Amino acid sequence: MRLLRRLAHRPTIIAGIVIVLAFTLVAIFAPLLEPYPTDRPSGEPFEPPSSAHWLGTDDVGVDMLSLTIAGTQNSMLVGFAAAFVAILVGGTVGIIAGYRGGWSETGVVGVTDFFLVIPGLPLMIVLAAIFGQSIYHIVVVIGLLSWMSVSYVVRAQVHTLKVRGFVARSRSLGASDSYIIRRHILPHVAPLLVAQTVLAVAIAVFFEAALAFVGLGDLERISWGTILQQAFQHTAVSAGAWWAIVPPGVCIALVVLGCFLVGQGVEEAMNPRLGHAHVAPRSFARRSTWVEEER
Amino acid sequence: MIAFLAISFSFVLFRALPGDAVTNISRVPNMPPEAREAIRAEFGLDKPLSTQYVLYLKELVQGNLGLSFQTRQPVLGEVLERVRNTIPMVGVGAVVAILVGTLIGVSAAYRQGTVRDRAITGTAMVLYALPVQWLAILLLVAFAGVLPTSGMSDPYLVDPSFWTVLLDRLRHMVLPSAVVTLVIFGSFALVVRSSQLEALGEDHVLTARAKGYGNRRVIWRESFRSALLPLVTLSTLTLGWVIAGGILVETVFSWPGVGLATVQAVGGRDYPMLQGIFLFITLSVVAFNFLGDVLHAVLDPRVVE
Amino acid sequence: MSILELSDLHVWFDAPDGRSAHAVRGVDLSVREGERVGVLGESGCGKTTLILAAMGLLPSFATVGGRVCLDGIDVLADGEKSARTVRWTHAAMVFQGAMSALNPVHRVGKQIADPMVFHKQRSRSEARARTLELLELVGLPASVARRYPHELSGGMRQRAVIAMAVACDPKVLFADEPTTALDVVVQAQIGDLLCELAERLGLALVLVTHDIGMIAENSERAVVMYAGVVVEDGPTYDVLTAPRHPYTQLLLEATPVVNRDRPLVSIPGAPPRLDEPISGCAFAPRCPYSSRTCGTRPPLEGAGHVVACHAAAQGRLA
């Protein structure tokens, strides 16, 4: 499609996709890539990076590189799973509410607006505290608090589609709702959903790390968030062991950045800015016209 | 209206949800059943939900949020004190981020496509992507010897004067506020930039240029006001968010604010405290959002009263 | 006596992919004081770019060649800097779509008065008084000054924009499609207003439009543009009743006439792409009179009513 071609022209999107793909691959093949086991120490506590341990070791002597790779798996898992929940719920709600309009839409708008206002992290903390700290709960909690912005955006898009007349025309030809949704609405909403999914992954990864940091992560699994939390709790700071702190943060930052580049790029490709700024630091250029251009 | 809903929501959250919030939060290992029953009775959980709700509202109006498990002090007082600590730190950080972010965003929009613009955009994106707690820890490690890294004040000051105390507090505030600034700055600059870019492409900007106005005037007097609207809403949203988002920063720097209190309440199974904090945070965010709506209406002459 | 003189004006636009479009390809034009000129042509012929260049209002990705002399000032000598000296005080513009030409967050009166103060022509209070005079001049009630643009109708906004344009007593008024998006009745009113103002204030009016009716009603001289060059230039009546250029002829023939039973005609083909070099006459591929001589670019020639066409010069036209 035209959209894909436009996407291919932008180096930032390519970079973003590469980053996300790379981490996904590492997440999938994590156990194969870990140089050392993660459940027992393979070196001295807080060993600085060396040729044996590229990223040094943590507070009990477990290899940092292996920990980071292992953490990739859970962090990306939470990211994708929570994003999936958010998109599934948000997309469905958004499409249906936008399509149907009327009371159901007003109701949905009320609910989404309400939840959009409630601060995310405190609510997640409370929910995690109530429901327990397994990874499944975390995924659900994060997902359930991210669907609102998705549905908001999707609903807006459905509205513009309705305005453009597809819906009315198809209906007058006798098409059923599900047909209209499938053939007309979904194709136009799909790129938006892709962009939102990617952004949702980034948000989910961030919140996973945040929850872990306050002690509410899934304690039995290794994720970037828990690595960071452990490092902080176990005096990596005072030991000056920066290698225990830097890798998980860098990973999170890279994934978020990659997701952000892709998501923003897709959105920009979908809505190309039509005008140009009317003022700029540089003036228009001047050129002498002595060159004869036409015979 | 939303405030009322928020309050009710909090009630639902803490009392009516399956999973029995009370016992989970107040969970103490090996708690004898009598103790659990005692807690339930104390919180009136044995009464029907509707009665609980009414009681909840009544107590709220009286400013009674219960007593903290950990400190045995009234929750309301504790929460307020923590909030008093959070606001300066977070407030300064946010305000600086908003001001600097706006200037830089406008500058980037004006210079769109140039090296400077790309550098600014890139930096902003990177800052936006960095996890808050990680950035906080890095700064902590970096400045460990130079600036105080935990708490809000030095407990060992002997007979301090007002200025000494103030200076001390400010020194403690530098790092956490800096983290807040850096984190917010990224997203803010990006939004300002894109909003201003759009404003610069509008027809009346060309008219302004045609009138012979210089670039400065066109940017600030003619187009910035159009770009300002979404910014104002964003600012108020940000301020509301930061109160909650400060949790991570406060944890890293042991800043005794409302964020750290949340974490401590969870860790200490302090149910009333947690409920009180949540309620307060939610209400203040709602208040800020409302403020944002009001400001938007004031600034935009197109909004029909 | 010429208030505006364009000499060998060229404008190129650079696209992000490196190519550049040659939007104005060597235009010589001179406008006398108080003259009312209509510039006629289809979308993309360069007429808007032409008048933007006359005020130096080109974007930073544009390159300009040639000379614009407005009221004795070389507008393009130094880019934005020199252009700013003529803006609003010597020449002003009424843009397409007045709806968005007015700043939505400032009151109308302020937008009219500000330039007067900015260019140090009047004090604040004088400017305010003059604003009310101008509003009366364009047929708007004084209460408009306190209003915001969105509170006015389309026609009122267009009048306000016109009042704004003449505020600093320019000598030339450029109007770019001033009546698109307005209903026919208002269109006529605005056209009349522009003419009336031009006469009263001694302005030269350069009216850019694709609407032949507008040109017929409101200009004394018609300039026809095609693919970045002027192809015909003469008294409006002559150009519209006895066009000398094939393009003008076909254009007029293609204009649907409501109460006559005539088949709809169109000019076959399409205007050439401006990002590729054009050799010779740009209209030749579509022209019924083209011949081998059309491989070289025809100069504008004639007396009083000039035309750029080899066939016309050779007398081969009907």
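Note that the chains take the letters A, B and C in the order they are written out, and that residue 1 is the start of every chain.
Criterion: contacts are C-beta pairs under 8 Å (C-beta built on N, C-alpha and C of every residue); 3 or more make two chains touch, one makes a residue touch a chain.
Note that the structure is a prediction, hence the values are computed from the model and not measured.
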Innermost chain, where centres are averages of C-alpha coordinates: A
Far-end chain from subunit A, centres as C-alpha averages: C
Inter-centroid spacing, subunit C versus subunit B (mean Cα positions, whole Å): 54
Rounded Å distance, subunit A centre to subunit C centre (Cα mean): 50
Interchain centroid distance [CA atoms averaged], subunit A/subunit B, Å: 22
Touching two or more other chains - residue numbers and ranges from subunit B: 202, 206, 209
Where subunit A touches two or more other chains, by residue: 276, 278, 280-281
Subunit C contact footprint on subunit A (complex, rising order): 276, 278, 280-289, 293-295
Subunit B partner contacts - residues on subunit A that touch it in the complex: 113-114, 117-123, 125-127, 129-132, 202, 206, 209-210, 213-216, 228, 231-232, 237, 240, 242, 245-246, 248-249, 252-254, 256-257, 260-261, 273-281
Subunit B - residues contacting subunit C, complex: 202-204, 206-214, 222, 225-226, 299-302
Subunit C residues within the subunit A interface of the complex: 8, 10, 12, 26, 56, 58-66, 76, 79-81, 277-280, 295-297
Subunit B residues within the subunit A interface of the complex: 2, 5-6, 9, 13-14, 17, 19, 21, 24-25, 109-112, 114, 125-126, 128-135, 137-138, 140-141, 144, 197-198, 200-202, 205-206, 209, 215, 218-219, 240-241, 243-245, 247-248, 251-252, 262-263, 266-267, 274, 277-278, 281-282, 285-286, 289
